[in-house]
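Below you'll find the structures, each written out as structure tokens.
Each of the next two complexes has subunit A plus one other chain: subunit B in the first, subunit C in the second.
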Partner chain A sequence: MTDQKIIELINSSLIEEFELETEKMTPEATIYEDLGLDSLDIVDMVVVLENAFRFKIREEDGIRDIRTLGDIHRFVIGKKQSLEKKGD
Partner chain B sequence: MKKRVVITGLGSVSPFGRGTEALVHGLADGRSSVRQAPDLGRIGGLRPRVAATVKGIDPKEIPRKYRRSMSAMSIFAFFAAQEALAQAGLCVGQWGGGRLGVALGSTVGSTQASEDFFKDFFTDHSLERMRSTLFFQIMNHSVAANVAQALEITGRLLAPASACSTGCQAIGYGFEMVSCGRQEMMLCGGADELHPLTVATFDILNAASSGFNDNPCKTPRPFDRDRDGMVCAEGAGVVLLESLDSALSRGAGIVAEIIGFATLSDTGNIAHPDPAVMERCMRLALEDAGLTPSQAHYVNAHATGTPQGDVAECAAIAQVFGGSIPVSSFKGHLGHAMAASGSLELIAALELARRNLLVPTLNLENIDPLCSAVCHPRALQISPISVLVKNSFALGGVNSTLVVRRYAND
Partner chain C sequence: MTYDTVVVGGGVSGLTSALILARHGRRVAVVEKAAKPASLIGGFERGGIYFDSAFHYAGGLGNGDILDLFFHYLGIDRLLRKVPLDQNKFDIFRDSASGWEFSFPCGIAALQEALCEAVPHEARGIQSYFVCLAAAFRQLPYLNPGTPEVTWNPVEAVHGPSLAEVLRRFIRDPRLGHLLSLHTLLHGVSPQEIPFSIHAGVVLPFYRSPCRIAGGGRALAAAFSAQIQAAGISLIQGRSAEKLVLSASGHLQGLKLADGESLACRECVVSIHPRRFLALAPQGALRPAYRNRLMGLEDTSSGYILFLHGLAPPPILAGSNLYLGFSGQGMAEALSSLERRPLFVAGGAFHADSAQTGHGWSVICPASWLEMEGEWASAGFPRSDSYRAAKEEVSGRIFQRLAHEAPEIVQGARLIEAATPLTLRNHCGGPRGGIYGVRQAVGQYNPQPATRIPNVYLCGQATAAPGVLGAMVSAFLTCGHILGDDRLRREIMA
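Let's look at the complex of A and B:
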């Protein structure tokens, strides 16, 4: 899966789950302020991403550093790459 | 000193649609909201194929922040509460400082949400796919909590759960809180959503109608010789109660005054009502209202259309009021909306009384001789009703009765 495909899948999954507006889905958008999500949504976001990408990220420390949509993109791309390396 | 308690807002979501006007029209027109429900067929062994469900609701009118923790019953209750507050002339922000509380109940938390969770859970016994908002749909005070959150209600929060007595009890408990000055205003009532397992509960007890599956509008048939059980429904009925002082100071329109309430436990049998205990409940409510039975003009019965319940209630009403008081049940039109039934039926009875209309029991064609000790109106009547009595009786042996009168500045 290319990075662009990963980003598209993240965005479409979050748009569907949290009824977000497509035009707000910029990498700079902050999770809490710009996208309007809260702590309950973050719990569900992990479930949505785990379901979309078939990996486990609930216990990953990196999740706590996520502030923007771009951070999510980078986190997921990194996770996918590390899993692919392990699979090599 | 006890405060007088009045109703200043009514709100309904019923199988006739959204709003009290739709509910009242359905009843006054003598229509049935019961339809075929083929989805019930997915439960093995379940006999009924009829139900009265709510249609035409758009949950997306509720912001996602609040909607995400709501199952259908909370959505129904939210719209009903919104209508009641609007009729009372109140807007968000006008009930700050804990002036307004809620007493809203349901039979159980969302069975659909429970089913969805366990269906997934039993595939591998993992909780990793569980959404954060699931618990808020399943908890017993889901309706009260969700409505309070969505409408920013900061007073007392009570969630009575007494099955079919819930709506009536919630109003009664709200009445007592306002009456004793603990709360200036209370949003009260009940809500429930239909799930096939709700129908199953009654079918297991041989209390659900299944003899009219091909002719749904003909069931349930309260007090009728050919009745064969109740029909499950869903919806929400919510009233805004407030002290008379509060209503007068705001210049609010007053719908009616609650003057009496009683609730008690029938310990004879958890499923079968005792007419003597029903009678005692009605007498206590009248005593609370300071009225004699002859001062009441109409009884809106619980009467669900079961062979035993209708007979017991008729006998009890006849013992208290004699044989001439008009009695009718709205379950022939609405089915049995469970926790919502008491409040929805009270709302309808109040609004019909305001229009001087007395609605007869739908599908009552041949009065069961065992139900003939009271007066059953056979057609829509123009009739002034100043004092009405509302009964709700529940599985589990919970009886409740409200006495409500037309407001008089006396």
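Let's look at the complex of A and C:
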């Protein structure tokens, strides 16, 4: 899966699952202020990403440090890369 | 009239929540679908013989232990008589192949000693395992109200380790691993999947002080009912909750019942299966992410249950329960064939006044909803002939096993009734007949008390832990969320 495809899948999943507006989905968008999610939503977001990408996210992966949509993109791309390496 | 709180579901978790909130001055109503509160644990009668249904024994009921403190807090302790199990053997494991037995004595120290005696070369591992178990237990909310605030992060349990991982660290002998996994039957999740901390929360109180209640689940249900009445809580029974009523701005206004009547309220505690909660929420009130997450929650294992009757209860069950199984086989993730599954024989709440009618006891065999596949799963009443034939066949096979592996359990006994995952689905409220509702499992994110609808909260086994103790902890967690955890904890200890 290319990075672009990953980003598209992240955005479309979040738009659908959190009923977000497509125009707001810029990498700079902050998940709390711009996208309007709150701390209660974070677990839901983890489950959405886990289901979309078929991996498990652990606390130590640094999910708590995520602030922007771009952070989510980088997080998932990094996670996929490290899983692929392990798979080699 | 406007209620401060309406509780949906009058099981152990809902009734506990109602009592806690009423004690804090709230005007509370409980809406219960069944004709009586606590109907799940209340047992049933067949031909004048009483059978326990969903309560056989509990851990932590010794004087001053955690469930005892909860009962006292709720005022139901005065209405119940605890019956401690045999100090030397509250549970007996018997190997179905060799007949080898291990007796679980009450108390952590005694149990450790007995395990070391049975498997001497593992003494150090046993020691370390129990240290780990106690440490995991200390982290759990409300199970240690006497110790200062623990910061409980529910997500930690989701990330494991599992029981199997911890066992691998300390234990080599598969027989020993099996004994330490035996009580996974009390939460319905395999050692590979159950978070170790949740396992600790369930088994430690059983190891410490296991008890029955005189009169069984029926007596527990009656004690709850009496306290609900004494607390001035409105009990709206035999009626179902249908929809939460929200204002245009999404604020809770009340609860609509299936018969059309509405109850005005400021707050709602929903104690039913989280999937059923989704049906209560108006369209658009919950986002797809949350809905899908709740829809994806898996239940604990289901089961077949045989209800047996005899004039005298089997002596082995007088102060003990009996677990049958194959120790070499371990407690596997997937269910094996019916002939290889563990069986749990629960002594009933035998009382003197049943001398004339005889006594009832039951045998539980874990099962999967998948065994109810196809036409049966969607069938209503009357049940189809093929379902009834299959139920009879399964009961017959379990009965046969007992005749070989534990003849004293079936000698002179008659099979009065049987339950399947389909029966359990109807009684336990889970879509797949899970004995303990939604399971706690590594990798599964269970819901928290707060929902996305302001002033609407969840409680029940899914939000905390399985069993009567778990259901009560869930009520304390949810009410602690509303009233303040520190306050509740201090009150429990007072």
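In this section, the second predicted complex is superposed on the first by the 85 of 88 C-alpha atoms of A that agree within 3 Å, B and C clash if a C-alpha of one lies under 4 Å from a C-alpha of the other, contacts with A are read in each partner's own complex, and residues count from 1 in each chain.
Here is the rule we use: a residue touches a chain if its C-beta (ideal position, glycine included) is under 8 Å from a C-beta of that chain, and two chains touch if they have at least 3 such contacts.
Note that the coordinates shown come from a computational prediction; the quantities given were computed from them, not determined experimentally.
J.: Does subunit B (first) or subunit C (second) touch A:D71, or do both, or does neither?
T.: After superposition on chain A, A:D71 lies in contact with neither partner.
J.: For A:E16, is the partner it touches subunit B (first), subunit C (second), both, or none of the two (neither)?
T.: After superposing on A, A:E16 lies in contact with subunit C but is clear of subunit B.
J.: Check the residue A:D34 against both partner chains and state whether it touches subunit B (first), subunit C (second), both, or neither.
T.: Neither partner.
J.: Between subunit B and subunit C, whom does A:R58 touch in the aligned arrangement: first, second, both, or neither?
T.: both
J.: In the superposed arrangement, what residues of subunit A touch both subunit B and subunit C?
T.: The answer is residues 18-19, 40-41, 43-44, 47, 51, 56, 58 of subunit A.
J.: How about subunit C: which of its residues touch subunit A in the complex?
T.: Residues of subunit C touching subunit A: 155-156, 159, 287-290, 292-293, 296, 443, 445, 448, 450, 452.
J.: Would you tell me which residues of subunit A are touching subunit B in their complex?
T.: By the definition above, subunit A touches subunit B via 18-19, 36, 38, 40-41, 43-44, 47, 50-51, 56, 58.
J.: Name, in rising order, each residue of subunit B that touches subunit A in their complex.
T.: Listed in rising order, the residues are 64-65, 68, 128-133.
J.: Would you mind writing out the residues of subunit A in touch with subunit C in their complex?
T.: 16-19, 40-41, 43-48, 51, 56, 58-59
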